[in-house]
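We just call them A, B, C, D and E in the order they show up, numbering each chain from 1.
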Amino acid sequence: MIAQALTRRRERRVLPGFGLSLGVSLTFVSLVLLLPLTSLVGQLSQLSWSQYWFLITDPRLLASYTVTLLAAAVAALFNAVFGLLMAWVLVRYEFPGKRLVDALMDLPFALPTAVAGITLATLYSSNGWIGRLLEPLGISVSYTWIGIALAMAFTSIPFVVRTVQPVLEDLPAEVDEAAMTLGASDGLAFRRVILPYLWPALVTGTGLAFVRSLGEFGAVIFIAGGKPYETEITSLMIFVKLQEYDYAGASAVASIVLATSLALLLAINLWQGRFIKRLHGGRG
Amino acid sequence: MIRIGDAPSVRRLLIGIALTLTALLLLLPLVAIFAQALMSGIDVYWQNLSDTYTLAAIGLTLLVAVITVPVNLIFGVFLAWLVTRFAFPGRRLLQTLIDIPFAVSPVVAGLVYLLLYGRNGWLGGWLDAHDIQIMFAWPGIVLVTVFVTCPFVARELIPLMQAQGSREEEAAVTLGASGWTIFRRVTLPNIRHALLYGVILTNARAVGEFGAVSVVAGAIRGQTNTLPLQVEQLYQDYNTVGAFTSASLLALLALLTLAAKAALEWRAARRETAT
Amino acid sequence: MSIRLSQIDKTYGNKGRGSKGRGSKGHGHKDDGRTRALEPIDLDIHDGELIGLLGPSGSGKTTLLRIVAGLEQADGGTIHFGEREVTHVHVRDRRIGFVFQHYALFRHMSVFDNVAFGLTAMPRSQRPSSGEIRTRVMQLLEMVRLQDFAERFPAQLSGGQQQRVSLARALALKPDVLLLDEPFGALDAKVRQELRRWLRHLHEELHFTSLFVTHDQEEALELSDRVVVMSNGRVEQIATPDTLYRQPANRFVFEFLGDVNRLEGDIEDEVLTCGNARVAVPGVEDGRRELLLRPHEIRLDDQPGPRAHLPVSVTAVVPVGAEVRIELEADWLGEPWLATISHADFERLAITRGKRLYAQPSRLHRFDTPRPQTLAPLSIS
Amino acid sequence: QDEPRELLNSSYDIARELFAAVNPKFIDWWQAQHDETVSVQQSHGGSSTQARSIMQGLRADVVTFNQVTDVNVLADAGLVAEDWQDRYPNHASPYYSTTAFLVRKGNPKQIENWDDLARDDVSLVFPNPKTSGNGRYTYLAAWGYADQAFDGDKAKIEEYMKTFLGNVEVFDTGGRGATTTFVERGIGDVLITFESEVNNIRNEYGKDDYEVVVPPVSILAEFPVAVVDEYAERNGNEDLANGYLDYLYTEEAQRLLAGFNYRVNDEKVAAEFSDQFPQTELLRVEDVFGGWPEAMKTHFASGGELDQLQRR
Amino acid sequence: MSIRLSQIDKTYGNKGRGSKGRGSKGHGHKDDGRTRALEPIDLDIHDGELIGLLGPSGSGKTTLLRIVAGLEQADGGTIHFGEREVTHVHVRDRRIGFVFQHYALFRHMSVFDNVAFGLTAMPRSQRPSSGEIRTRVMQLLEMVRLQDFAERFPAQLSGGQQQRVSLARALALKPDVLLLDEPFGALDAKVRQELRRWLRHLHEELHFTSLFVTHDQEEALELSDRVVVMSNGRVEQIATPDTLYRQPANRFVFEFLGDVNRLEGDIEDEVLTCGNARVAVPGVEDGRRELLLRPHEIRLDDQPGPRAHLPVSVTAVVPVGAEVRIELEADWLGEPWLATISHADFERLAITRGKRLYAQPSRLHRFDTPRPQTLAPLSIS
């Protein structure tokens, strides 16, 4: 009986490898991803709610949330615009050096964040190549939130470009053409017709860039001033708590960052699911 | 064909802005790395490069990459096969789970591993009792690197395999092919570009990870320093030139990565137009 | 090899491949979001027959074919190939050849390698020598008239050529049964006709049992020994093309197999009235009735006949081919009628757009009785 | 022959060059005494980070830290003997230092003492007391000065400390970071760091660009050393570890240390280098703050004095 | 609004949209990798005409239409709309409506917003009030019978409905000229026929000038006032559907407009011989000749007639519709012939697969003379 049931089960899948790939995937996911995260939960469980609340609402920490969120938001917004521009230029126009520019877009992924941080700090310090030019204008980048945002922006450049680019590439010429035959000017056609097509990709890319920026440490730490209430980022606060042997505290702060990031990713996924459903037949 | 934004003035303006920003944001830092590294001349550069600690860091970094990449390659392929070829409850969840490393700050990633495998961690006590050293040794570095880089291969493969569908595999089954034959002769050739790209990304990230590794590495010179850590330490030692020398190695690696990727894309594009 | 299905049925769960491309408008939807793709189906296919599965989109043709192939598992019922029960046999061991709608050729392999795949994938102990494989593949390529294309890649072939490769590939392992899912669906009309012709020759030559899916009536009728008409996961009729056209089992089959004109009206004393139109319908009981007729069952004249008074006006004329297609409208008609008449009649009546004429049905069909009825001839003198 | 025994010395981050110089000498010394070739590995980082790593399993045999608390943490965890401070002379501190100021050439802001650092026109750079021992000493030194100057008037001390902390331009996570900020980025008028460090910087970046100011009152910074018994035992390195620390007290080592601008207790060596180290009043943490544990609790713990001062 | 093209031509460079989807196997390839899409073309379209552009794939139909629209720039020549020269006027300002093959609806906008787009995109000074827009859009939706679908999104509509929205959208700005690129190409046969009918009504009602592209002969013949037949970037014939079918200008047009059977043989003394087949061809000079005939120009009989001895055997029978389609083969035939005969003849001759019969051409066409010639009637008795 059982043997028969088993053989029946096995035949259900026509393609081979279900059991094996399920086994490998689940094992890996549990061991590498989930198990370590449970240790975080374990640390948190040592705290009472009021302790937890007290820890995560420390005014200095609150200030660091603000700085981090703000800088990440600025970085993500910058990348939304810059990424859109780059995607547009790379897809729609031909110009010398295009392939090089295209390849350069991936640089921040390939370059270690620490290297990026050190380099940016060097470039934008008041005696660096760029900082020197900015100083007379009264703009200082290093050790201000601008620097933080800059480092975050740098490390998350590829997200927007690489999500928008393929969508723009696949955008049929008819979309442009339909808008033009209906008398729309370039600006209007872009705003009302093309942009909505790119919207899901743009939001996804920007969201990823934002999440990445929230967690960024290596690149930011060199250029952030680390001044309490001003240029302290949340990752640094986690780092500080670790220095103080305060694992529970570090875990608490980490849990906030993690929850924010996951919630954001989830929200984007859900939103996109609904959006896409509408575009591809919303009845079902 | 006439398309939106074709007017020469618009085109020139946009290209101009794009190129300027790219130069400032991406090209200049790259140039700066090499400029700083070669500041004191090629001899010093060479000398810095052949420093025993730097060489050890290169070795360790390579070791990490050599272990991480295959592990994630295998996992990525299995996972992609699983979620694109079968329908089962929890498929969506699994797909979301592999994105976790993207949402986790590298410092936190290091922290959770430390909490798990450290001497006071859940498994740490047992490991310590059996004299197995994971944290502050290369296995720990490999573990966190695997964690941080595990989504790359799968994320490259899944959309592609989804788009390709399983028709060719089904055709192969009707022709009597076994599982391994199907994978090797039908699936693999179709995904090899994406696979290679995933590997390249994994490798780049594995070689360059700093935040997570710095938490679990213990910073023992010549033993648990990877190249990015070495960069940081040299920098802290006032050895700017040395730091940028190591950085330039990493940048060089990054450039090679980009070149490899561009070459792949170019070849793929050429194949497409050839047919 | 004969094929016998008994009581095969299939219901799809909520999830699955359904999400993409397959509208959820399909029939057979159950309340719980599950789709009844096949009602229990019995089917007997004789050795060497060429059977067409015909039906509208979503009627379950592909599902049935894939179940026969073993690519899908039925929820219940049994399948026999000859005397062997294969219900739980894996695709790999069913000895079938499957031809996919979009060819599903291996993109990165040459035509030769595609055709050779089944042979080279055999376990080493049974595998023919590479010389034998070469001979066999070249034979097959010759058969599909592609011997000169052995080294090409699929992307370098036209759709029709690709489909031929796909066929050769499926035949390489000498299957007992050949299954084809809309084999010509993606090809354009000319190529389609050519391949159709060619498939029939091939089938006659090699004598395997074949089952193919199509939603093109003409294709089904032209190719098949017998046609299985499906709708909503049910078999509506299984018959030879000729029978199907002359004795449709029900209204669905009648409508599905060709253009149909509808005539609805109240019948009193064997005369149907509808607005100012009247027609004699001997033997039909009183009441509101709907009658159907095919375009070639309408004759046109410039005055009403004794048995029919159906005034119409011409709204379109297409003088293509042996016959002229005429579109007719009238106050008493819900939808326009389509009539096909001979060029001779066309010229005799000097038909132009806007011309007023009288229609005379030569036959009328009813499907509201348990058995379909044909009222004929109603022709006048 | 077997692999040579390896000793791992876990130390604070700015001691890299120091121990890079000490280790070869020690290896020779050990060779001479025991006829055994050994090797010494270094691990450097923030001293708290180092202590944490050791607690989590970094198998260091000896620690050479810049803060007593960090060793105490190890003692609390049972890795180091409770009485470690009594095992070696001078509270197990083979050398010591104090906090000093590095100012730009010509001392344009005329910085002489701690009160100058609280002026409106002065901006400071020193590492974050939360993450760095160096920073903690600076903080305590400033407090100690104010304690003396205002005669223990808590309100005035806090007032002073607030302005002092408010003048900080950048808080780096560690000493070297702060130095880079001050020297390479050109930020701030004063860098506050260990005296030993100050001299190193001058050597590294040019004697002429910076000047050292050692204030008349400052804090005594001890550099505690200890054997991590638990690991040394497991590594079979107990003798080696103890030998290593013993060696730091030898004349040869003390001279080496003084050469790196650390103050030493060996009288002969101290006399040799006397002109290099101006006389200053050095406050002891034990005296002013009631010991490190107490200082940590009142000043540096979450919600402690430092957090209060930085709150706004 | 009349449209006048003179000497419009177009050559595509090596690059461009050509890479994706558009095979490079098209005709008109020049040696240098450039494609001559249009030879210099002259075309006069009268006000209110409905013109079909018909031709095989790659013949330049789309290119021509896009040039008229202003979506593509011609290399030379001029375009006039009425008296206004628009050759260099931007699409935006040509006052054309364009309907795309795949509808090209804005998928993120509701049906209402799609139709309203052109109106809301007007500069503020000319833009109607939102109330006016609403009225106008609802009028249009009513016209295309979609008033109940205003709030739906394109993905929630069937293909036919989407195409109707696309039409309403194009008509919203009251264009002078309506251009349609294979408007029904992506729809299935039933819907296609319905929309075709509906477009004709619309055109008659609104009286704009329309130009539509199709590669479906039936569609072109049924819909158009005049048809432009193109091949290889050239116009082969411009004529009404009837003329086109009865007096094709050349062999290409003849072949393109319907199924064609070929008969090739040597002529001696007005008799064509080909293997054991013979047929009388009065008035044709001696020599090797090729003659063509349509399927309905073949009669079948069970014995040879006095003027033709053409033995054939039946290889397929499709008894669908008013006529029966028969496929014929013979030794003397290169490709099989297709004949369409009446059901009456079909039954009289008791035709089955394999049956041997004699074919009798009722007409034969030649295109090797400067003007096409028809040899008729050759019918016997």
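Assume contacts are C-beta pairs under 8 Å (C-beta built on N, C-alpha and C of every residue); 3 or more make two chains touch, one makes a residue touch a chain.
Owing to the predicted nature of the structure, the values given are computational and were not obtained by experimental measurement.
Among all the other chains, which ones are in touch with both chain D and chain E?
A, B
Tally the contacting C-beta pairs at the B-E interface and at the B-D interface, and name the larger one.
Higher C-beta contact count between the two pairs: B-D.
If I average the CA coordinates per chain, which chain comes out farthest from chain C?
D
Taking each chain's centre as the mean of its CA atoms, how far is chain A from chain E in angstrom?
Result: the chain centres lie 52 Å from each other.
Which integer distance in Å separates the CA centroid of chain A from that of chain D?
Here the centre of chain D sits 39 Å away from the centre of chain A.
Need the CA-centroid distance for the pair chain C / chain D, whole Å please.
Comparing mean C-alpha positions, chain D is 89 Å from chain C.
Can you tell me which residues of chain E touch two or more of the remaining chains?
Answer for chain E, listing residues that touch two or more other chains: 17, 71, 90-91.
Going through chain D residue by residue, note those that touch at least 2 other chains and give them in order.
Those would be 55, 184.
Which positions in chain A are in touch with at least two other chains?
14, 122, 173, 177, 179-180, 189, 239, 242, 281, 283
Which pairs of chains touch each other?
A-B, A-C, A-D, A-E, B-C, B-D, B-E, C-E
Please give the residue numbers of chain E that touch chain B in the complex, ascending.
Listed in rising order, the residues of chain E that touch chain B are 16-17, 19, 70-73, 90-91.
In their complex, what parts of chain C are in touch with chain E?
On the chain C side, the touching residues are 197, 200, 217-218, 221-222, 241-242, 245-246, 257-259, 294-296, 315-316, 318-323, 325, 327, 336, 340.
Given the complex with chain D, which residues does chain B contribute to the contact?
114, 118-121, 124, 128, 131, 133-136, 218-224, 233, 235-238, 240
Could you please specify the touching residues of chain C with respect to chain B in the complex?
Residues 15-17, 69, 71, 91-93, 96-98, 100, 102, 104-109, 117-118, 121-122, 153, 155-156, 169-170, 172-173.
Spell out the part of chain A that touches chain B in their complex, as residue ranges.
13-18, 20-22, 24-25, 28-29, 32-37, 39-40, 42-43, 82, 85-86, 88-89, 92-93, 95, 97, 99, 101-116, 118-120, 122-123, 129-130, 153-154, 157, 173, 176-177, 179-180, 186, 189-190, 194, 208, 211-212, 214-218, 235, 238-239, 242, 247, 250-251, 254, 257-258, 261-262, 265-266, 269
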